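Okay, here's the structure, questions in a sec.
Think of it as A, B, C, D, E and F in the order they're written, each chain with its own count starting at 1.
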Amino acid sequence: MASRLVNWFKFSSPATFYPLARKIAVVSTIIAVVLIAIGLYMSFFVAPTDYKQGEGYRIIFVHVPASWMSMFIYVVMAGWAALGLIFNTRLSAMMAQSLAPTGAMFAFLSLWTGSFWGKPMWGTWWVWDARITSELILLFLYLGYMALRSAIDDPRRGDRASAILLLVGVVNIPIIYYSVQWWNTLHQGSTIKFNEESSMDDTMLITMLIMTFGFWAYSIAVSMVRVRAVILERERSSSWVREQLGAET
Amino acid sequence: MAEFFDMGGYALYVWGSFGATALCMIAEPLLLRGRSQQIRRRIARMVRLEQEVKHEGQA
Amino acid sequence: MFEPLLWIIRRDLTIAMRRRSDIFTTLIFFVIVVSLFPLGIGPELETLRLIAPGIVWVGALLASMLALEQIFSADHRDGTLEQMLLTPQPVSILVIGKVLAHWLVTGLPLVVMAPLLGLQYDLSAAGLGALMVSLLLGTPALSLIGAIGAALTLGLRSGGVLLALLVLPLYIPVLIFGAGAVEATVSGLGGASHLSMLAAILVASLVLAPLATSAALRVAED
Amino acid sequence: MTDAAEPALQIDRLACVRGDCELFRELSFAIGDGELLHLKGHNGSGKTTLLRALAGLLLPESGEIRWHGQNIRSLREEYSRHLLYLGHLNGIKGDLTAVENLRIGAVLDGFDLDDKRAWQVLGDIGLRGREDLPTKHLSQGQKRRVALARLLVNSARVWILDEPFTALDVAAVQLLQDVIHAHVDGGGIAIVTTHQEVAMIGEHTRTIVLGAGHV
Amino acid sequence: MFEPLLWIIRRDLTIAMRRRSDIFTTLIFFVIVVSLFPLGIGPELETLRLIAPGIVWVGALLASMLALEQIFSADHRDGTLEQMLLTPQPVSILVIGKVLAHWLVTGLPLVVMAPLLGLQYDLSAAGLGALMVSLLLGTPALSLIGAIGAALTLGLRSGGVLLALLVLPLYIPVLIFGAGAVEATVSGLGGASHLSMLAAILVASLVLAPLATSAALRVAED
Amino acid sequence: MTDAAEPALQIDRLACVRGDCELFRELSFAIGDGELLHLKGHNGSGKTTLLRALAGLLLPESGEIRWHGQNIRSLREEYSRHLLYLGHLNGIKGDLTAVENLRIGAVLDGFDLDDKRAWQVLGDIGLRGREDLPTKHLSQGQKRRVALARLLVNSARVWILDEPFTALDVAAVQLLQDVIHAHVDGGGIAIVTTHQEVAMIGEHTRTIVLGAGHV
């Protein structure tokens, strides 16, 4: 037990994690490319045309994975933040930091693709629907996290301050979600609702899952590359970085 | 082919969505690569400068 | 435990009394912002009545947020904050005291002033009552939540806007239930359920926010 | 509590980083009751940083600080109870009077101080006639005295004083020295930095120099 | 005379590019504030469409005001402001340069972003166009007027709220004509007269505000 | 312009007040071309205040400052053209590189400075290799050098230098002294304060002591 703990803490050192991150990045890039290629093929050529929405529904194959990823990444970041605060490991904060831009990007993509779906389906680019509004707020939370990070010059202070923000945010997400839902249902009798009962075709579901896993692998790959950059920048005065760069150039 | 790209009249919406997603997911790694190269260059330069200073000090 | 709390409140109220202008600035900001909207939207009373709860609530929210920028900064600058972190009192108690004093000075005047502004928007008497009660429950929650943001941005360069960015998304549930209570009352549905949600949020933030704030203060004094 | 032979405050392989630069590392020493530690070092050598770490205000990069064998991070308020820290900032409110400042400080430090005693202590420290002016109207040295008045009413075991002599005139410097020595002779611990040429040498004075590469 | 102007603009833009997050903060604040109102008011598109011009304009106004807090403060702190006062260039020219750069960094993004927010409120295409044009004319005027307030409150303790108090009343004409232009366009009356008033205000503030600002800066550096 | 016999800069019964306290009054003196004025006085005696008044940044309580017979308040930019002021603050932007800082300063001061010359001057002043780092990454003394580089490219007649030697090491202090003396020998005017023991004594050095109650 004790030895396993020690083992884990070994990888929490940036110096040992740096080369490992590269390996993970390579493997997950390959997985991401393969899965997304399969997913794209299936979403255009295998999945059948929807009898109600025609071809327009194919947006779902990017919309839903992007939505899921955006929410999932925030929770993962909060997990890293909690680890960092409890064990005072630098690497956790770096991991959270390098996931943030990707998470924000997926939140944005969810809104973007949703709008491009809403226009043909509902005739408007935007409605103040509960789910959409809470996704927008999630995007704001990401942006707030990134802004706070970049406003603090001392990286260690930045780590801890932004970890607190993440944890506060993650406590708030369910509250926000339910409040928005309630706000909406009380006001609105007749606006369009997602048609949740529409039984989803199996191929559609599988395609969506493949795309989701593809996005997942993509996120891991990108965050690993980014964490390497962050490690380099933050550890620039340590001897191992200098040796590393001396060896590379 | 044209029919495929027409997407049953939903071309703008479908390609707008997939296009934006593709754009973001291609741009992000590229930007990231630029940034990490920049960081590498800067650190390498810092190291070089420090060594110069050291040499000057010895000379 | 209660004595330090009372002393902190007393201390901050004394200081506020000795520099009264700070109190009025927040109140006047609130009045100006709320009065700006009829200028932007036009004077039709039906429209105004429709949007009054939202506007007054957003105005109160912005005013309370801007005032929060100052809650810890003076203490940070003159070193009393670091002394507070070093007392044997739990820091959350001190935070609660400071937030409460701050609310009495900047939040309570908003609550008292709001009905007057509601009149400008032709709200009914029931609506005005609901507005006051919802603000009375909501603004302390805003202060508590905002204190987290104020502590996180303590001493940073782009303080004001950054604070807004961090805090406004977290304010949203309060806004929804607060404005919702007034609207429900005006439309005859009764705002009780909204108000009880507001009360729940207040209690939750009274428990959780001081913890987060004191953690953030420790980081800021690092 | 624990073994009396063990020094009260132990610093174990401490390292601190500010911005990019590592100020010190592998710093270990211990201070027992009745000892005075004089911390020296050039500007920017990390004295303030070390003192703030010792007070528990600053999280060190690595290493531990132990009070009677327990890490101060886990003790928290339990440790603060024994501590009096006076930093570069005076920690007094300019809008409150000297008496109000002193009394509020006392309440927060967990003991009671009546009005009479507060007036008396402030008079002793040379502020007679200025006890109930808002402190923002006092001169630099007088403000410092208000802050130092805490030393006379507090019963904390560990005093951490960062440049306590700044802005003080000769008489006040002498007074403060006496107060510190009395505290140490009474079994207290004092950790002091100063750039001034002040006789900090007593029976139990130790000196640590930062930034010179050794302890 | 034009060379220093261009260099000041170039300087401030370079600095802004090197700390990009500051730009986004203002923009995001704008987006958040504008998105708050539907949460307070309710999601019915008909109501929202009605109040959209006012809301977007008040949002732009608040964002621009908060951003202005920073326009001179960094230069004040690092001593470059006093150097500028000591150059042989007329100070008003330097002020114009700084305000222009500040507007390019914080105002122009608002103009570009506004149509997207207008979409959220379901504004018509003509309304979106009018919104952009009115903001394009109005926000530089806001920046010019706000710079006076920023210079007056430079280095003061309760800067943020005080600035708001000084500046908001002066913003009112801009708000009225700006939001009015959009409304008139949406209701089919045509916003040309409003827009020409906005242009007049812009020209007047371009002439007068830099003078007032430079006088205020001299006082601040005293 | 005016009579050549008249000293270029005349200070006439100047009085300055900061907060509640009058720093000096009825201060009159004059400085002619080729003179170096060394301003002395204890902390808070009003040296910086006087220099800022001379630079036209601060409006004196009463009295006049005349440049070739005309009040500097009415000359304004016309006077600034002949002036170079370096205060406690460096007046450089941390986000710009040393070269950018120097060139922008030059443009605003009304003359052109090409890239090559800027690099050369910065090299001369001891910043070789750091010319295009954002200055926020420089150390305190290096930042001061960037600010001082202006002295080498500027053609202003009057130099007002408030504690120019702070944060400089021995070599830089020597260099700066030489630059100041060369300026004065070339017919310029220099007004300098410093607490450091620096040989400011040249042929045409005069000393004024503030706060001692006399000039």
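Rule of thumb we're sticking to: a residue touches a chain if its C-beta (ideal position, glycine included) is under 8 Å from a C-beta of that chain, and two chains touch if they have at least 3 such contacts.
Only a predicted model underlies this, so the values are computations on that prediction, with no experimental measurement involved.
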Set of chains whose contacts include both subunit C and subunit B: A
Relative to subunit C, chain with the most remote C-alpha centre: F
Chain whose mean Cα position lies farthest from subunit B: D
Of A-B and A-D, pair with higher C-beta contact tally: A-B
Subunit E and subunit F, separation of their C-alpha mean positions in angstrom: 37
Averaged-CA centre spacing for the pair subunit E and subunit B, given as whole angstrom: 32
Chain centre separation in whole Å, for subunit D relative to subunit B (CA means): 51
Multi-partner residues of subunit F (at least 2 other chains): none
Residues of subunit A engaged with two or more neighbouring chains: 140, 143-144, 147, 151, 156, 160, 180, 183, 187, 236
Residue numbers of subunit E (touch at least two other chains): 19, 21, 25, 28, 32, 39, 42, 74
Subunit D-touching residues of subunit C, taken from the complex the two chains share: 3-4, 7-8, 11, 14-15, 18-19, 74-75, 77-80, 82-90, 94, 218, 221-222
Contact footprint of subunit D on subunit A as seen in their complex: 88, 153-154, 156, 160, 236-237
Subunit C residues within the subunit E interface of the complex: 21-22, 25-26, 28-29, 32-33, 36-37, 39-42, 47, 50-51, 53-55, 57-58, 61-62, 66-67, 69-70, 74, 157-158, 160-162, 164-165, 168-169, 171-172, 175-176, 178-179, 183
Residue ranges of subunit E in contact with subunit A within the complex: 19, 21, 24-25, 28, 31-32, 35, 38-39, 42-45, 48, 119-120, 122
For the subunit B and subunit A complex, residues of the former touching the latter: 4, 7-10, 12-14, 16-18, 20-21, 24-25, 28-29, 32-33, 35-36, 39-40, 43-44, 46-47
